[in-house]
Structure formats: C-alpha cells, structure tokens
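Two complexes come next, and they have one chain in common, chain A, joined by chain B in the first and chain C in the second.
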Partner chain A sequence: MTAIDAPAPVPARQRRGFLARLLGSEYFVLWLTVGYFLVLLPFLPTLGTPANLVNLLSNMWPLLVVAIGQTFVMAVAGIDLSQGAVMALTSTLAAALLATGADPAVLAKAPIWGVLLSERGGLLDGRGGVGLALGLGLAVLAAVAVGLMNGIAVARFRMPPFMVTLVAMMIAGAFAIWLTQSENIRNLPEQFIALGKGDIVSVYFGARTESQLPRREVYPLVTYPAIVAIIVAVLAHWLLERTVFGRQVIAVGANRRAAEISGVPVVRVLILAFALSALFAAIGGLLYAARLEAGRPTLGSGTFLLDVIGATVIGGTSLFGGKARVIWTVFGVAFFVLLSNSLNLMNLSSFHVDMVKGAVILGAALLDVARTRLTRQALP
Partner chain B sequence: MQTLTLAAALAAGTVLSAGAASAANICFAFQDLETEFWVAGHQAITTALQEGGHTVIERNANEDANRQLEQVRDCIAQGVDGIIIIPQDGESAATIVNEAQNADVPIAVFNRPPSDLSKGIIVVADNATIAEQAVDFALTKAIERAGGEPVQPLILVGDLGDPNAVGRRAGFNAAVEKHGDAVATPIEVASNWDAATALSNLEAAVTANPNIDMLFTSSDFLFPTIRSVLEPRGMWKAAGEEGHVVMAGLDGDATACSLIKEGYVDATGVQDLYFEADAALEALLAAMEAGEAQPNQVIEDPGFALTTDNIGEREMDMWGCVLLAEGFLNK
Partner chain C sequence: MSALLTLEGLGKDWFGVPAVEGLTLSIAPGEVLGLIGENGAGKSTLMNMIGGVVPPTRGRMLWEGQPYAPASAADATAEGVAFIHQELNLFGNLSIAENILIDGFPRRMGLIDRRAMARATEALMARLDLDLSPDRPVGTLVAGEKQLVEIAKALHRRARLIIFDEPTTSLTTREIERLFSLIDRLRAEGTAMIYISHILGDVVRVADRVAVLRDGSLVGEGPVDDFPVPRMIHSMIGRELADVFPPRRIAPPDAPPVLEVEGLSAPGVIEDVSLTVREGEVVGLFGLMGAGRSELARILFGLDPAERGRVRLGGQALHGGPRERIAAGMGFVTENRREEGLMMDASVRDNLALAALGQFAAGPLGLVDREKVGAAAQAMQQDLRIKAADLARQPVRSLSGGNQQKVVLGKWLLSRPHLLILDEPTRGVDVGARAEIYAIVNRLAEEGCGVLMISSELDELKGMCDRIAVMRGGEITGERSRAGGYRDADLVALAFGEQAAA
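Take a look at the complex of A and B:
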C-alpha cells in the first residue's frame, strides 16, 4: 500500500513504527534504568552514594546468574519454578560436604548426620582446594540432575513446564529440608565464604563524618560474585547468540513444530535448556549460601522466584518463547535490583515494596504483549 | 495489626535513656511480626525510640534471611547511626552483625541470639533456666496426678537453628532428668516455629501416643494449634477435669495468660519483654554516645515461670497478662 492510495493511515503507521522502535529497542530497559535512576537521584541522594552503588552491584550478581538460567527456559517457551528449590538443595549439599564442623545438638537427627556430615565437619572438609571444588561440583551435579529430569519430562513426555517444575520445586525443596530436618548448616570454610563476598579490588573513599560515629569508607569494587556472574553472563551470551544451539533454542521457543520439521533436535534442546537453568540456579545458590555463610534448605523460598522471573521478563525475554537475549536479562536484573533498592530507600513497608514489584512485573508482561503486537504491525 | 497502646506506654516509660543520646537514625530490621511476642517487641522498641526523639527506619524481611541482609546493607548505605535486628535465625544474625561491625555501625540483636555470641549487643533470655522452671512445675503436677505411674511428657521443639529453641529444649530435658524414673522418655515433636508443621506433627504424635500426661510447647504462640489437636480428641480439659493434660509453655504471651487463668495451661516461662527492649536500646544508645562502633555485650534476661500457684502475685510481671488486661485478645 502507498501513501497516495491511502494517505490517512500513514501517520498512524509511522507512530506505531516509532513506538515499535522504542519498545523494541535492544536497550529500552537500559534507558529505563538510567532514566529511573536519574529521576530519583535528586529526591534520594543516597541512591548515588558509593555505599549504595556497591550494594546494588552486590545484590545484582547472584540474582543475575539465576535469571540467566531462567532466560534459557523462557526462550524455549517454558518456565522453571524449581530454581529456588534447586538453590536450596545445592547450598545444603555443598555445606554438608564442606562444613568445618557441626553441632550435634542441632543436626544429629538429620539423615545426613554420620553420612555426609559429623561433628568434625563435612565429608570433604580439610581437603583443600580439591575438596572445595569437588564439594561444589557434586552439589552442582545434583542440581543439574534435577534440571535434566525437568527437561526429560517436558521434552519426552510433553508435560507442561509449569506443572513439571512446580512438582520439582516441591520435591527438591522438601528433600533439602528433609536432609537437615530444616536446620541450616554453618561453619563453612573461609574459601567458600569468600566466594560470596570476598573482594579482590576495594576502593577507599576516606573517613566519613556525616553519621555520629566516624566510619571507614572502604568499598569492595571487584568481588568474586561479580567475576562469577560476569563469566556466566559472557558464556551464556556466547551460547545463546553465537552457537547453533543458541539459534535452536530460539527456534524451538518461536515454534516447536516448525523447528521439528526443520530438523532441530527439539528434545535435546529442551532438555539442555532445563539443565542449564538448574546449573545456573545452582551457581546462584552457592553464591547466596556463601554470602549468608550457611547452607540453607529454605534458600530461594518466599518471593525469590518472583524476583527471578520478574527480572527476566522486565528485561524483555518473552513469556511466549522465541525471544531472549542475555544482555536483556542483565538490564532487567539491573532495573529490578534498582527498583527494590529505591523502594527500600523510600522507607516503604515490605508489603508496599512487593506490591510495587508485582505491578512492575505485570507492566513488563503487558509490555511484552504490546511489543510483540507493535513489532508485527510495523513490519511492511 | 493490633495496637498495643499499653505496651507502647510501658516501653516508653521504661526506656528513659532513649532520649539521652542526641537524636539518631536507627534502623530496626525485623524478620516478621507473626507472633504476639514479636508484635509486642516491635511496638515497644519503635515507640521507645520515637519517644526518645530518634528516627526509626523499619525493615521487614518477611522471613527471608537474604532480604534482611540486603535491607541492613541498605540501612548502612543510608548512614544510620545504629541498628537493631530481630534476625531470622542464629546463622544469618551472625552474618549481619559482622556486616554492620565491618561498616563501623553499632548493632544490637533482640531476643534471637546469633550463633556467635562474641560480637554485637545481644539481648537474650536465659531460655534453659526459664524453661526448666516452667517444666519442673508442670512435671511435678503431672506426677502428683499420675499416682505412681511414669508420666509421659511431650515437647514441641522449635527451630533448632535458633539458639532460643536449643536452650528451651535443654531446659526441658534438665527438668525431666531431675524427676528420674517418675518420667518416661519424652516424645519430641518438631514445630520449626511453624504452626502448620506443628499441627501435622502433633496430630501424628498424639494419634500414636494418646496417653500423654504433660505437654511443653517451646513457644506460647502454639497453644491455639495445640488446642485444635487436643480438643477433638477430648484432651483439652481444664485442671480439675478428668483427662486434663498438664501443659506448660514459654514466652508469656496474652493467650498463655488467659489459658492459665482458665485452667487449661499450668505454667509458662516468661521472658521480660520490656526489660529486653529497654536493655537493647540502652546499650545501643550508650555505645553510640561513647563513640563505640563495635560494642560487644551479652545481656541476659533471667525471666521467671508464671504458674497457677503464683499467678495471684506475679500476674502483672508478665507482659502477656498486662496486654490481656488491656483487652489485647478482644481487639
């Protein structure tokens, strides 16, 4: 259709085109994050202080790792509700294997007592770096096994991902709680704890005088969680953008039937997507366990999954599959963490914080629908 | 949420020193307000701080240890002068205390102690002694009623990741040992400080062991749960009625006070909520005045047991009875 044939619809189409370009922009959420930060900064000056910026980054890294896993599953038009439970299982197993000691008054009735853990510590305690790597590796393997089972159920038996991962969440979560009878495992080795917060490069801003007590102003800039998260993000980006497997993931999510006809190994792709989700959840779980200095069978419960799925959707990964980029998830997590942080700094109650976060996620889901529609309409 | 005007007034009255320090920004991070004890404690602390002219920044972690850590970090970034926390558990408490002390912010832990008692201002009840007093009274009553037969006790254990729960179980066991062969091996039922868990586990335990003579709950907030299990089985009877199960608890809340008066509960260990709130604030504000960024101190609340024998004299020493008189359970 030309402008001469139908002059009236052109401006509307152009408007839609502009909207589509804006909403469909790769960097839409990044601009949103920067804009939100700049708008709030005059009203919340704490937002831009070095201490708060360090908090933002520190909160972002482990969430990013887990959200990247969710990105792969959403890319194949799935959802992984078991990530929180997988985190709990991983943190509990790793802590049980690596703890330097345990209190029998707390853990003697746990099934792992005397098998993986005793008063003298975990099975792999005191074996140096090899023991640490082995302990973490075994815990991650257990998590990947959960992911593989999720993937097999979804791909081979064509079960709905929602139901499969919901059941996996219940089983893995209950198993983690059963392992320790709901007790946390503390006394983690120093190297493990360093994984959660050990700083490699710190910045000294001098003495601070605003508060009643003079305070050190040393801020960790480059931390182990940062390095782990960046490595994970780069590898995931490469996998999704630069490999055949990545293109297959998007193809399966866009249209499973068409992908099958085109010769994409759909079953393998689905299984791997769920396995990757569990793998990244496990790595995130280890970072959280190290940060909290304890293996926790209740890790990842509560509203944590809301944060993960919310950040992924806000980033732009489509709930309908076939549209996902790791960089979008990075932006989504950054926005989500900034949102949580700013709501805290506004001294809102936790109920209000959760309500606002829920509303933003709903908005992002609506935006996903609108972006898809506008992009299609803008196509010639 | 109930309004605890009397609690607030009492707390404001007791924490005289709260106004002594110059007006400060205090972060009050709590794990949840699920039970009467935490509601009353929260109200006592916030009111006392506000009455003292301090700004209170409240953070509710909704039982999420990671969220509480992030909230405390946010508070530190906001430049607060001091922090009071009610932590999720002993492990996360230790991590958060370290976090605050590394940032040179004085911190006090209210009622639920960290796994490492060497750091921070820690206000904690002498759980073992208080529990032992309450259980000892209840067992003595049960032995009198048993007529020479061994008494079968049951304990609802709290979350053993919480040192409070560990102390209460230790006190229970000490009282049981004191009575030797007059008491059978106790039945342990896990509650994990969760009413739903307690309900299902207690139902199973009572079904398997219907001849329970004495029951001790590690926290008074579980009495309504206990009632819902015992009542359908005809075991919820007041003292003097046939089939009365001798019961004791710990906390000293309004429900326990009411049940002692009605004769269903025989004793409860009382934590002095107002003393604990007062002590935490006094120590924190004193440290701030002294310019002490890493104050380390353990303040113990000796507590006592309120029983059917001494309720006439000591009723108003228990915070729950004070709230009950204020009409707390009717609000």
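Take a look at the complex of A and C:
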C-alpha cells in the first residue's frame, strides 16, 4: 500500500514509442513545464531574467500550499470551492487581531470595530511573539472549522462536495467582507509582514564593484514563504504517501464502498481531508496577507480558484479521486505559474490571460483522458 | 401452428467457454413457454441473444421462418420482441403516458400532442384494466402497476413475443393474480410469451410448455402437464459432481463455535436467523437470488443494521461497523468485487494491504512500513499464485477475474480472520482458478478459520461445505450436514419452498 512508485502506469512496451512513454511518465508535467520554458525563452527573453525567475518562485509558494490542500480533497473524489473564501476569512481575522493600528475613517463602520480592532490596533497587538502566534493560530482555527463543517456535511450527510463547498464559499466569503465592510486592514506588525518576505538567502548577479550592493539587484531566493511551502509540501507528501491516513485517503477516493468494507473509517477520512484543505488554504492565505501587507476580505475571489484547481488537475491528480500525489501538484503549480507569468509578459489583457488559461486546463483534461487510456492499453 | 420464433442449434461462447450450447427450441403464437434453470444455466444469455443484446456464436434464429439476426436491442424491439425485466426499465420522473410513448411522441406542428398521447395511453390502459390517470408519474406507482405500464409499452410497440423475467418477485398475491389473467388474455390474443421464473408453481400455473436449461443446454422440454414440480427440479439439477473440490478433513463436530447468530432480524430483509459456524468449519448458505443471503452477510459484517438478535464472534458480542468487525477477526469477500471488493485502478499491492494497513504501520503517526507491505504482498502472491507481473505498479483491473478474486481473498488473508464470509466467491471465475480458490478456502479452514460460504451453485456448496443452511424469503428454512448426506432435491425444495420428493 505504499505507492511511492505511484498507482500509475505499468511500463509501456518499448514499441509504443517515445510519445507514449512521455505521456505516461510520472514527470510528464515537469517535462512539459521545462519544455514550455525553453521553447518560449528565445521569443520572450525577459522570462529568464533573474528578476522574473524570482518573481515566478514567489508566485509559486502560496499557490502551492493552497493547491496541496485541494489535492487531498480531490484524492477523496471531492472538490473544495471554499478555499478562496477561507483564505479571505483567515487573512481578515488575523489582520484584525494583530494590526498595530487602524484608521477610524476607513474601518469605524465595520462590525469588528471596538470588538477585535480599534484605533490602537487589534486585540492581540503588542503582546509580542505569543500574541502573534495566538492571532495566527486563531485565524487558522476559524478556517479549519469551516473545513470541518464541509467535511461533516459531505461525509455524514452525504451531500455533494460541490454544493457544500460552494455554499461555504458564499457564506465564509460574505462573512469576511461583512467583518470589515469590505475594507482592507493595514498596519500589520513587522513580524507578520516579514513572513511574506524574509530574504534568508539572496543572490546577486554581476560584478562586485562596490562594497554596498545595489538593493534592487539583490534577488531573494530563499524566503519565508518558500520555507513554509516546502515544509508543507514535504509533510503533505509524507502524509499522503507514507502514513495509514494517506493510504486511506487514496482508498476512499478509489472506491468508497470497497474502502468501507475493508475497514477504512471513511467518514473520518473524508472530514479530515476537507479540514486539511481548509488548513492549507489558511496557511496560503496568511502568506498572501503578509505579502500584501494587509488583511484582505476579498482575497482569493475571482479566478483564484481556477488557478488552484487548474494547477492541481494539470499536475495529474484525478477529479474522480483515488489518484493524487503531492509531487504532481508541485509540477502542476510550477506549470501554471509559469503559464500565467509568460502570458503576463506578453502584455495580454487579463481577459486574454484567463481565456488562454481556461484553454490550457481544457487541454490538460484532454491529456489526462488520453494518458489514462494509454496506460490502460499498455497493460498486458 | 407455425412457429413464431425458432432456435436452431443456438450457441454462445463467453471467452471460449460455452454459456449456451446446441439449443433447438421453438415457440408458437399464443403459446406461453416456461423457461427454468438454476442461476447461471444460460437463461440470461439465451434471452440476450433473442433480444439482440449479444449475437450468437453458433446456430441461427428464425422469425416466422425468416432468418432473424438482430444487431441491437432496437432491432429486436422493431421485430416485435419485448422484455419485462425484473428491474423495470421505466423513468420514474416521467408520466405513464410519456413512458409508454417514449420512443415516438405523437406530434402536432412540431410540438408534442398531449391530447393524442392521453388518448393512446388510455386505450392501452383500458386493455390492461389499469385505471389510472395517464399523467401520473410512474415513480408514484406500486410495483404491480409499474409492471403493467411496462406491458402497456410492449403492447404499444405491437410486441408479438413478450419475455417475462422473474416478473413476480416484487408483486403482491393480488397483483400476481392480475398478471396471470392478463397473460391468459394476451395468449388468447395470439401473443407468444416466454416466462422465466424460479417459482415453479407459477410456471405450472401459467405455462403451456416447459423448457429446462442446465449448463447452457436444453435438458428437458415438453407440455407442462408432463412436468410436475419434482420433475422440474430433477431436470434443473443433478449434474455430476466435478473433481474440482479437493478432499478436506471434516471439522470436528465439537470444535468451539466461531460465529454464533441468534434470532437476527431486520424487517423486510431477514427474519429470525440463527446460525453457528465452528472453528475449521465451512458452512454453506444456499438459496435463490433475493432469498436474503447477501443481506444476512452484510448485516453480519455490520454494513446494514439489524433490529433484533445477537451476533457473537469467538464468544464476544459484536457491535459497530466493518471496522470493529474486522478488528474482531471477520473478513468479507463480497459478491461484486468490482464495486465493493477492489480499487480497480490501484495496484495489486495497494489492494492487498488495504484491510490490514494497521499491521504495517508503526508509531503514533501511523507510518506505513513499505518494505513490510511489499514482502507481505509478495508472499501472498506466491501463496495464492496470483498471476501479476508487477505488484507495485500493475492495477488489478488488468488481471483476470480469477486473479482479481484471489487479490480480494489475499486482502482478507492478510488480516488473519477467524471468520471469513464468502459471497459467491467463484462468480465470473474460470474453472482452473475456481479449484485454486476452493483449495485456499480448505486450507484456511484447516488452519482453524470458520468460513461462511454463500453460493447459488449447489455443486459448489456440496463439494465444499460441512453443513449447508438454506434460506428463503429472509428465513433459514432448513439445515443439512454432510454427515447426513446432501440430496439436491431436498435442498432445492427448501430453497423453492416446494414440497417435493426426489
């Protein structure tokens, strides 16, 4: 039951050729990403500049964290549409609790004014590291509560995940907006903002001529979001591949009835999968908030969900459950971030960008069908 | 009287194995042919050939003397063949009229002519004495009325041969009487009918002629008067016991009980079931489809609730769902391995390990020891002779039916059960793998595991079991032991509820 070498293809026969083997490869999306980058590079030299590469990475980390959450839900044949709203809720709550001050002209009308937040800052402001941890923890807890409710509705009441999380998206999203009357909460404490930056290892390209390096030519390579995302990815990978819980997640997605008869605690696994999805969305939301230096109640709305689901599916995780790997999602996110970035560099309007992205998701879905068929045919 | 449908040497192979062989039979207009046989005797295959669902491998069919080779179910319908299935093919959300006229609504100026629909439906319903509004949604009707709607549909399509497949299983006595008088009327109108049923008394009541299938061949045929129920039973069964059953040490009668069931009831499903399985004993559960055998198994395994009664395993009362039962030492090989037994796209190894995951895990976080899993899967593969190339990568979907079933068995063997429930363990399994599965079960019993084996095949049960309990209508109607000798007629009579002497 330790499918580290994946539930996927039996080695295709040699005569099936290069294309078939490429399509069937575990690392197909990685090759696709690299290929796309190399093909585009001559036409779009900015793609390969250090500044852009660093930008690509910084775009990747928070999205990766959220998409890993989605991977768990898809692994149990679910979908989580509420991730964006959960991010908004988390970022708003955390900001409200931790802000060092607030402008009454902007926020005095908000229901949290005077309760969680006032002119002198949030409820937990000025209590040092403990306050910060408590604030972030409470916000994450609220997110996990949403995830648990999603999971209970799906597992216990057998409601369709699409409906449940759509409703959760509406309610949690609207609640976050109501909390601040749609205003962003600024004045986040320094330590919080540092979470979005933190150039722990930076690189400088060029000759060392002056003792002082020009600031804008120093590129942060290893940042806090990178560390958080990598830790999350490694833990999630380990959880999904190596633990009993992870194997049960895959089993529930592959065949719920067979899993139940084989003694898998289906209800618990489902609830936990949705809770994990919300947890990872919350972590992603905090990373975004730190980067934006504000708690934003409209975070994760719009086409953000398209990015998350698109990246996860492109990675190779099946919408029908039972087929999911964290490493696939890493590749999917990398491809998706590269795609968005390259489209932006082409100076396309956001409408065009979304249209192309949609087309790429469609293409990925078709490829997935082709891959599945191919691997089935390749069987003895 | 010239025949409506004639079958000449009809045969059908499934993967090289004949399911129907050398069948020659004819049916005349205004005649009701009762078709009987055990489960798997070839009735469904035969009907599917007549209905255009599958083409015959050998032989031919004639329709009024002309060659008849329907390429699809639609072809057969167009020719005038109609099926009344056990599972009715109706749309519950549509009205009676819509269901009857679904393949061609009357239209006026491109729109559906509701009035013409109602008229056509009412005329048909009057013929059937069905006094309902044509606008009633079919979902609101009772079983008997639904069946009449199905028959009305057949009449609307001017069916000349109507095939009834177990039509009375979900009907009340009064509905059955109404169906029979309708069949009589249709016969008088010249409609030919094939009536398939396990309820032999009904066949006697309704059929003019009887045809008996066994192992895909016609083993008896004649006027119904020549076929009293005992002769029907005798014709249906009584094949030689093949040598596929390896000899086995009989369980000592004083072995301690593993499974004790007392007065187990679930309304409408099973009624007051009591049963004991001892260590090392293989107990069979015989009965017809729908007799409550699989339902009993599901309740024993905690998948469905029981209202009354007790289940004990090794002296311990059982509560909770499958998880608790597995922990207590139960295993359950379900009858449909695709839906309930296997993760078809997952690897053989992952499937094997599923029920015993806890065994391979260590530490508070439940880290699975992959080497242990791999070794256990490999040992199980050798033990059960599972033919798979790559345990870690090959999905079970790619295995043959017999090997898939071995994977299901292996999954439960890894959890070291004290009681293993097998529901139709050899369904869709070829003869070779069958013998291997029997050997596995025997070995398991010799190691002290109790086995409860559900099967519709009497030979299998006779060859394997120390005792056979027979179920009918959710109740255990009798139990026979190997020591007392098994008589087919006796067991079948218990299953059919007929008083028949062999």
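In the analysis below, the second predicted complex is superposed on the first by the 348 of 380 C-alpha atoms of A that agree within 3 Å, B and C clash if a C-alpha of one lies under 4 Å from a C-alpha of the other, contacts with A are read in each partner's own complex, and residues count from 1 in each chain.
Keep this in mind: contacts are C-beta pairs under 8 Å (C-beta built on N, C-alpha and C of every residue); 3 or more make two chains touch, one makes a residue touch a chain.
None of the values given here were measured: they were computed from a predicted structure.
Contact with chain B, but none with chain C, is seen for A:349 once the two complexes are overlaid on the shared chain.
In the superposed pair of complexes, A:324 makes contact with neither chain B nor chain C.
Contacts of A:313 after superposition on the shared chain: neither chain B nor chain C is touched.
In the superposed model, A:276 lies in contact with neither chain B nor chain C. Residue contacts after overlaying the shared chain place A:155 against neither chain B nor chain C. Legend: residue contacts after superposition of the two complexes on their common chain; A:251 is shown touching chain C, with no touch to chain B. By the touch criterion defined above, A:236 reaches neither chain B nor chain C. Judged by the touch definition given at the top, the superposed model places A:260 against chain C, while chain B stays out of reach. Using the contact criterion defined above for the overlaid structures, shared-chain residue A:73 touches neither chain B nor chain C, since it reaches no partner.
Remark: chain B residues 22, 24-25, 57-67, 69-71, 73-74, 76-81, 89, 91-92, 94-95, 103-106, 115, 159-161, 166, 190, 192, 288, 291-293 touch chain A in the complex.
Residue ranges of chain C in contact with chain A, taken from their complex: 301, 303, 321-323, 326-327, 332, 334, 339-347, 349-350, 352-355, 357-358, 360-361, 365-368, 370, 373-374, 389-390, 392-395, 397-398, 411, 415. Contact residues on chain A toward chain C in their complex (touch as defined above): 1-11, 242-245, 247-248, 250-251, 254-255, 257-265, 322-323, 376, 379-380. By the touch rule above, chain A contacts chain B in their complex via residues 46, 49, 51-52, 54-55, 58-59, 105-106, 181-184, 186, 208, 210-216, 288, 291-294, 296, 299, 301-304, 340-341, 344-345, 347, 349-351, 354.
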